[in-house]
Amino acid sequence: MTLLDVDAVDAYYGESHILRDLSMTVEEGEICALLGRNGAGKTTTLRSIAGAKPPAVRDGSIRFKGDDITGMPADDVAMQGISLVPEERRVFANLTVEENLQIAEVSRNASNTWRRHLTTTGTSMSTEQVYEDFPRLRERKTQKAGTLSGGEQQMLAIARALKQSTDLLLLDEPYEGLAPKIVEDVEAAIERISEQGVTILLVEQNAAAAIKIADRAYVVDQGQVVFDGTADELRDDDETRERYLGV
Amino acid sequence: MSDEPAPASESEADTGTVSEMIGIWAPRGNEVRVVAGTAVVLALFPFAFARMPVVSDLLQGYQSLATLILIWGIFALGFDLLLGYTGLLSFGHAAFWGSAAYTAGIFSQNVSGSPILMMVAGTAFAVLLAWVLGFLSLRRGGIYFAILTLAFAQMMFYMSSSPLAFLTGGENGFTDVETGELFGTFALESDLPAVLGTLMGTWLYAFVAVITLLCVALGYRILHSPYGMVFRAIRENEQRAEFVGLNVWRYRLMSFILSGLFAGIAGSLFVIHGTYVPLASLYWTTSGEVVIMTVLGGTGSLFGPIVGAGVYLYVENIVSGGHPFDFIAPFWHLILGLVFVVTIWVFPRGLWGFFRDVRDAITGGEN
Amino acid sequence: MSFHIEAITVLLNGLQQGAIYILLAVGLSIILGTLKFVNFAHGALYLIGTYAGLLLALEVNLTSGQLQEWGFSQLGLGLGYIPALLIVPVVVFVVGLAMERFVVEPFKDRPDTDQILVTFGLAIIVQELFRAFFGSSSLPFSQPAWAQGPPQVPFLTAIPISSWRYYVIGITAVLVLIVYILVEFTDFGLVVRAGTRDPEMVELLGIRLSRPYIVVFGIGAALAGVAGVVGGPLNPVNPTIGNEILVPAFLTVVIGGVGSIAGAVLGGVLFGLTQAILVATYSAWAQVGLYAIAAIILLVRPQGLLGEAEVAP
Amino acid sequence: SGGGGGGGGDGGGSEYPELGNYPIEGDTATLGFNVPQSGPYASEGEDELRAYELAVEHLNNGGGWVDSQFDDLSGDGVLDYQIDSVSGDTATDADTARQSASRMIQRDDVIMVSGGSSSAVAIAVQELCQREKTLFMACLTHSNETTGANCVRYGFREMFNAYMTGQALAPVVQEEYGSDLQFYQLYADYSWGQTQQESMNQFLTETAGWEQVDSVATPLGTSDYSSYLSEASNSGADVLVLNHYGLDGATSASQAVDAGLDEDMEILVPLYNRPMAEAAGGAIEGIFGTVAWDSQIDNTPSQEFLQAFRDEYDRTPSGPAQLAYAQTLQYAAAVERAGTFYPPEVIRQLEGLEYDNIGMGPETMRACDHQAQRDVPVVRGLPESEQSEGQYFEIINVTSRDELGYACDAGPAAECELGEYGDE
Amino acid sequence: MALLETDGLVKEFGGLVATDDVNLSVEEDERVSIIGPNGAGKSTLVNLITRRLDPTAGDIRFKGESIVNRDPHEVVQMGISKSFQTASIFSELTVRENAEIAALAAEHGSFGFKFLEHRDSLTEVHQVATDTLDAVGLLGQAERQAAELPYGDKRRLEIGIALAAEPDLLLMDEPTAGMSPEETEATVDLVEEVKRELGLTFVLIEHDMEIVFRVSDRIVVLNRGRVIAEGTPDEIRGNPEVQEAYLGGVDL
C-alpha cells in the first residue's frame, strides 16, 4: 500500500525554484532511498514532506496515508506519524540524553494534543526498548547531548525519532560524518527498525551505502526525479550512477 | 596595497595638500540641491508656521516652537545616524543632550555668553562623553547596548540631581544661563532686519537655522562618505564587515560619537534658545522622546527624523494646548503613543518613508 | 540601637526590594530567553497588576480622570487583599496571553530593536490609558491592617519593618521556586528549554511550540502582576510606576544573565542589597551607585553574572 | 478692532512703549494659566484651573470677591477690556511648563501668566517671564528660592515658604510634644528639600529647643523609603521630620506608618498639599504640617470664596485654588490702579501693597523680594474615617505673620536680586 | 619562507579537542585543500587562522609574523581573506557597494576619519570594485540590490567580496556547498582563473572530492582535529589511513 505520495511538487526558497515537479511514492514497510548529489534537493524534499518551512511548497500535493498534508504545519505532520531525523542531527545540546528522549514523548501529553486533529497509529518505542537497541545511550543517559560524539548524537537523533509515534521515518544523511565502524552500527539499527515495521525514507549522497540496505531508490537531480526503480536496478544502471551520483 | 601597513594610508589624508582639502570639501552629486532646498525650507518655515495669513491660523504655530523643532530635529538627525544606519538603539542619548546643555549653560555663566562659544563648549563635552560612554557600552549590541546606555544616562541624571546639584541646580534646573549677543552685536531675541524679520523672525531662529543647515549638510556628507556605506554594512552583517578588514568596533564608536556630536550641538542650542536647563534633560524620558521622534519620522533617512521631531513637538505643544484641539488635548500622550505604535507596525520606515512611497506610487517610481 | 539589628534591617530591606525586582526580572528573563522577545511593556503588566489589585482589594475614591468625570467617584470591589492576591495573577496571565497572541507573535521575526520600539510604544499607551481613566494622581493603596507594623514574633518586633514586607519576600521565594521547578523538572520546562536552543526541531517532534510559549509569556506576565499587587502597597500608585520600575527590572535581568532564573534572583538580591546598604551609608549616592554597579558588572561580564557567553556561530 | 486699544480707552496705550505683550491688541486681555493637567499633580492643577476660571468669570461679570473685597474691580472686565484666558499643561515638569508658557506668551499674547504646583516649575517659568517681560503671579511654590536666590522682578508670590513653615511649626509642635526631644530628618535631595530641612533644623533647635540626631537626603522621586525609614527608626529619635513634597511625602508618610514608626515616633510633614493627602489616606492621621489655605479658616473672605466656589462647582476648593483666585484678582486690581496693563506700572502697584482681603488676615507684598508677608495655617491630618472630599486636616493654629518672616537683608531675601522692570 | 605556518596549534572546546597539535604550512602560490569528515576540525582551523577563535595553544604565523594577538580585521588587512560557508553578503546594499566595502578596507585600511569625504572621490576604490565584479561576472548586475540576486550569484558575490579585499591568501570554506553542478563547475573555474590571474595562494575546504583532486597541489587530511595525512592528490588517493577514515571505501 502507498504510505506517502508526493505528487508533482514545486518548492521554493524565497524566489529560487528548488523542487521542480517532483513526484515519488513510498510503500508501506519498505526502505526507500532518495539519492543525489550535493544540492540536488534531497533535504528540501524531506523538509517539504515534514512540513518544515522554508521551503514553501507552492504547487503539487503531498499525501500521507491518503490524507492531504500539503502545507500542514510541521508539528501536525509529525503527529500524523512522520518523523524526521534532520541533517546535522540537531539534538538538544543543553539537555541530557534522557531528556532528549523524553521530549519526544511529551508530544503525546494532553497539553499538546488538546484540540488538535490527530491520527497517529504508529508504533512508538518505550525508553527501555530504545536503550536496548542503543546500549551506548543508556551508558550516557545523564550526559548532556552536546558532549556526545557525532555517532552517539546520530544514534540519539534516530532514537528520539523512534520515540515519536512513527509510521514513516525520514533520515537525512544519517552516516554523514560518522566513522565507518559507527556507520555499520547505524546501518544495523536502521535495518532493525525497518524489521519492526517502520517505513523508512533514506536520503544519502553516498549511493553505495544506501543501496546496500534499500529496497527501492529514487535519484534526484536539480529538483527532479531522474531515476526510479529497485535498488538492484540502480546497481546495474551504470549510466545513472555515473551521471547523477558521481560514482 | 594590503601589504602596506594600514596607518600609511590614513596619514595620507592628514598630510594632504590644500588643494586636496578643497577637493574633499567640493560639493558633489545632489549635495548642492539638497542643501539649497533645505535652506529655502528653513527660511520659509517660521513665516508659514507662525505668521503667514490663513496658513498660520490653521497651523496655530509660533516662533519659538519653530526654533525648537529645528533643535530637536538636529538631535533626532544625529540619533538616526546611530539607529537608522548603524542599527544601534541607544536609550541613553539624553546623556549627551543634557550634559551639553549643562556645559553650555555653566560655560555661559562662568566664561562667556557668546552663543557660538557656548555651542563649542557644550558640543565638545558631549563628544568627549560620547567617546567614553561609547567605549564602555559598545561591547554588545541589541538589548545589552540599549540597557547599558540607559544605565549610564540614568547615572548621569542622578549625579546631577543630587551629588552635583551645587553645579546643576538639581531639581530646580540650571537657571543662571547668561546668553550674550551673537558676534557681540546681535541680540538673539531681537528681530532680523526687513524682510528677513518677516520670514524668519528673530536672530535666534536665524542662528539655529544656519546651524541646522550645516548639520544637514554634514549629515548628508557623512552618509555619502565611506562611513554611510560602512555603517549600513555593519548593521547588516557585522561579521562580514570585520572579515573584509574593517575595524567594526572603531566605526561603531565613530557613529556613536558622531551622533553624540549632533546631540551635543542640539543640546547646546537648546540652552541658548531656552536659557534654562531642566533636570529632565538627562532623564531617560528625553532619550525616549528622541527615539519616538526618529522612528516616527522614519529611520534611515536624513529628513525623516526632523519631520518626526516636528510632528512630535507639534502634538506636544499645540495639540496638547487645547484650541483648536480641545477635544483630544488631554490625550495627546496617548495619541502619540498610538501613532508611534501604528508607525512601527505598519510603516516601519516612518512618515518620511510613507511620503516617499506615496510619491513613488504617484510618479510611478520615477525620479 | 545595636549594630546587628541595624544590619538585619538593612538585609531585610534589601531582600524585600530585591524581591520586587526578582518577580519582574524572572518573567522578563524567561520571555527573553525562550521567545527571544524583548518586552519593554513588562512594566505595563506590573501597572495593570497594581491597579487590578487595588480595585479588587479596596474601594478607592477617584479624584480625577475620565471615570470620575463619568460619575464613578468610588470604584473597587473591596474584596480584601487575599482574594486580590489570588485573582490578579489570573487576570494578568490572561492579559499576557492576549499580548503574546497579538503583539509578540507578529513581531517574533522582526529585529529586536523593533520589538523594543513597539513594546516601548505599547507601554506608553497603557500608561496613558490608565492616566486617562484613573487620572494621574496617586491613589492610596495601604498595606492591609493585619500586615502593618513589625510582625509580633519575638526578636522581629524590634526590627522596624512591616509584616507585609516579610510576606513579599515569602511570596516571591515561593513563586520563584515554583517557576524554577516548572522549568527545570517538568515536561513543560523540558519543551521550553529545548525550544530555547532549537525551536524548529521541537516542532518536528510534533510539539506545538506556540502553546508552551504563550504559557511562558503568561507566566512572566502573571509574575509581573503579582509584583504589582505585592508592590502596590509599598509604593505610590499612579500610572507612571510601570515604566519607572522597568529600568531597574531590565538591569536586573541583564546583570543576572538573560534566560537564567538563578541569575535574575542573584541580580535582584544584589540590587536590593546594594541599594539598602548604600542608603544606610552614603545615601546621596544610592541611585548613582546602583547604576554604577550595574555598569561595572556588565563591563566585566557582558553576558551577566550567570549568563552563558554568546557562542560564536 | 485695534481701534479700541488705540483710542485711549485702555488708559494710555500710547503713553508707554512696547514691552512684552504690551500694548494689547484688540479689546480682550488674555491671561495664561499654566497648571499641571497631566502628571502627579493634575488633580491639584484642575482645582487651580477651576479657581482661575472662576476669577475670570467674576472679573467679567462680577461676583465673589470682585463684588465684596476688591474695590478696584468693577466686574465688567478690566480697564474696558474683557478678560479671556488660555490654559497650558505643565505636567509638573519645568521644561514642559516653560514651553507651554512660551506658547502662551508668543502665540496667544497673554499679558500675565499664573500657575505653579512645584517650585522647580515656578522658578523656571518666572525666569522666562522675566525675560519675556510678562508678569508671573506664582500660585503654589514653597521653596525659599522662589523669592530668594531665584527671585525676579516680574514674579510675585502669595504663598509662604519653607522658612516660614519652620517658624510656624516649631512652637506648635513644641507645645504638643514637649521640649528636650530628639528629631531625625529625611529630606528630598534638591533645593526645596534642602532649604526646608535647614529651616526645620534651625527652628526646631532654636525655637523648640530640640536636638537633631541626623538629617538624611533621599533622592527625589524615591518610591520606596523603607531603608531610610529603618535608619530613622533605629536612630532612637523621638520625632521624624519628612521633608518630602507631595507624592514623595505621601509615600514616605504611608510607609513610615506601615512600618509602625508612628508607634515610637512622632511624625511631621512640614508642607501638605491635597494630592498628597489623597494619596496618603489615613496615614496622615495626627501628623502636623502647614497648608496654603484651608476651607475651614473662619473669616469673611475665606467663607465667601468657599461659597462662590461651591456655588459654581459644587465642591470644596483646595489651598492652591484660593491662591489662584487671589492672585488673578490681585493682578487685575493692580492693573486698574495703574490704569494700564504696562507691566512696570503694574509691578509698582503690587510692590509694597498692603491688603487684608483674601482670607489670610492683613498682608504685605514686600517690595524687596516680592514675598507676601502673611499668616501660616498649621494643621493636623484627620483620621481616614473623618476625611472627606476636600477635607483632610483640622486647623490647629493660624500663626500670625508677626511671628514669621525675615528682614530684607536676612534669610532667603538676602540672596534676592529682583532684576529689571524693563522701562529703565 | 612559508606564507602561512601553524605551529603546534591546539583548540579545545571544554573537553573536546577540535584542533589537536596541527602543524601546517602553506607556501606562496600554493593551492592546498583540507579535507576530512564532518567535525574533523576544518572550520575550526580556518576560524583560528582568521582570528575568530583564540587558540588554546600554539602559534600562527603569516609572512613570518605571529598573528595570534591580532584582531580579525588586522589579519584581513595583512592579506588573509576568507569566503564564507554560507553566502555572507550585505544584502541591502547594491552589488557594487558590496564590492566597494571590501575595496575600501583594502585601499584605505581598517579605519579612517574620512567621514567628510564624498564617496565619489575615492576613484581607486571604484576601480578595484569594478575590476572585481568584472572578474566574478557580476558587473552587469552592479546596481542591483544584493538581496535580489539568485543564490548562485550571491555565492559569486561572496567570493567577489573576498577577492576585492585583495588578499595574498584566500581561505575558502566549502565555497560550493549548496550549489548546483553547473554552479559548482563555474565556481571552480572562477577560482582557477583568479588563481592564475592574481597568483594568489589559497586554502580550500571542500567535501566534493572531484573538485579537491582537481584544483589542489597538496591535500591535508584532518581527522578528530589531527592531521592524519598530507601529500599530493595522488599520494592521498592511495593512503589507506585516509581511505579508512574518510573516503570510506568509495572507489575513486
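To keep things simple, chains are lettered A, B, C, D and E as they appear, and every chain counts its residues starting from 1.
Assume a contact is a pair of C-beta atoms (placed from the backbone, for glycine too) under 8 Å apart; a residue touches a chain by one contact, two chains touch by 3 or more.
Predicted model, so just to flag it, every value in this text is computed and none were measured.
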Labels of chains that are neighbours to chain C and to chain E: A, B
Chain pair with more C-beta contacts, A-E versus B-D: B-D
Chain B and chain C, separation of their C-alpha mean positions in angstrom: 34
Whole-Å gap separating chain A and chain D, where each centre is the average of the chain's CA atoms: 79
Averaged-CA centre spacing for the pair chain C and chain A, given as whole angstrom: 44
Intercentroid distance (Cα basis), chain B paired with chain A, Å: 56
Residues within chain C bordering two or more other chains: 131, 284, 287
Shared-contact residues (touching 2 or more other chains) in chain D: 38, 189, 217, 219
Per-residue multi-chain contacts in chain E, two or more chains: none
Chain C contact footprint on chain A (complex, rising order): 50, 52, 73-76, 78-79, 83-84, 86, 90, 92-95, 99, 102-104, 106-107, 109, 111-112, 116, 160, 164
Sites on chain E touched by chain A in the complex: 14-16, 37-39, 150-151, 176-181, 184, 207-208, 210, 244-245, 248-251
Contact set on chain E toward chain B in their complex: 50, 63, 71-74, 76-79, 81-82, 84, 88-93, 97, 100-102, 104-122, 125, 161-162, 164-168
Residue ranges of chain D in contact with chain C within the complex: 38-44, 46, 189, 216-219, 223-224, 226-231, 233-236, 247, 250-251, 254-255, 257-261, 263, 275, 278-283, 389
List of chain B residues in touch with chain C within their complex: 83, 87, 89, 136, 139-140, 142-144, 146-148, 150-152, 154-155, 158-159, 161-163, 284, 288, 291-292, 295, 330-331, 333-334, 336-338, 340-341, 344-345, 348
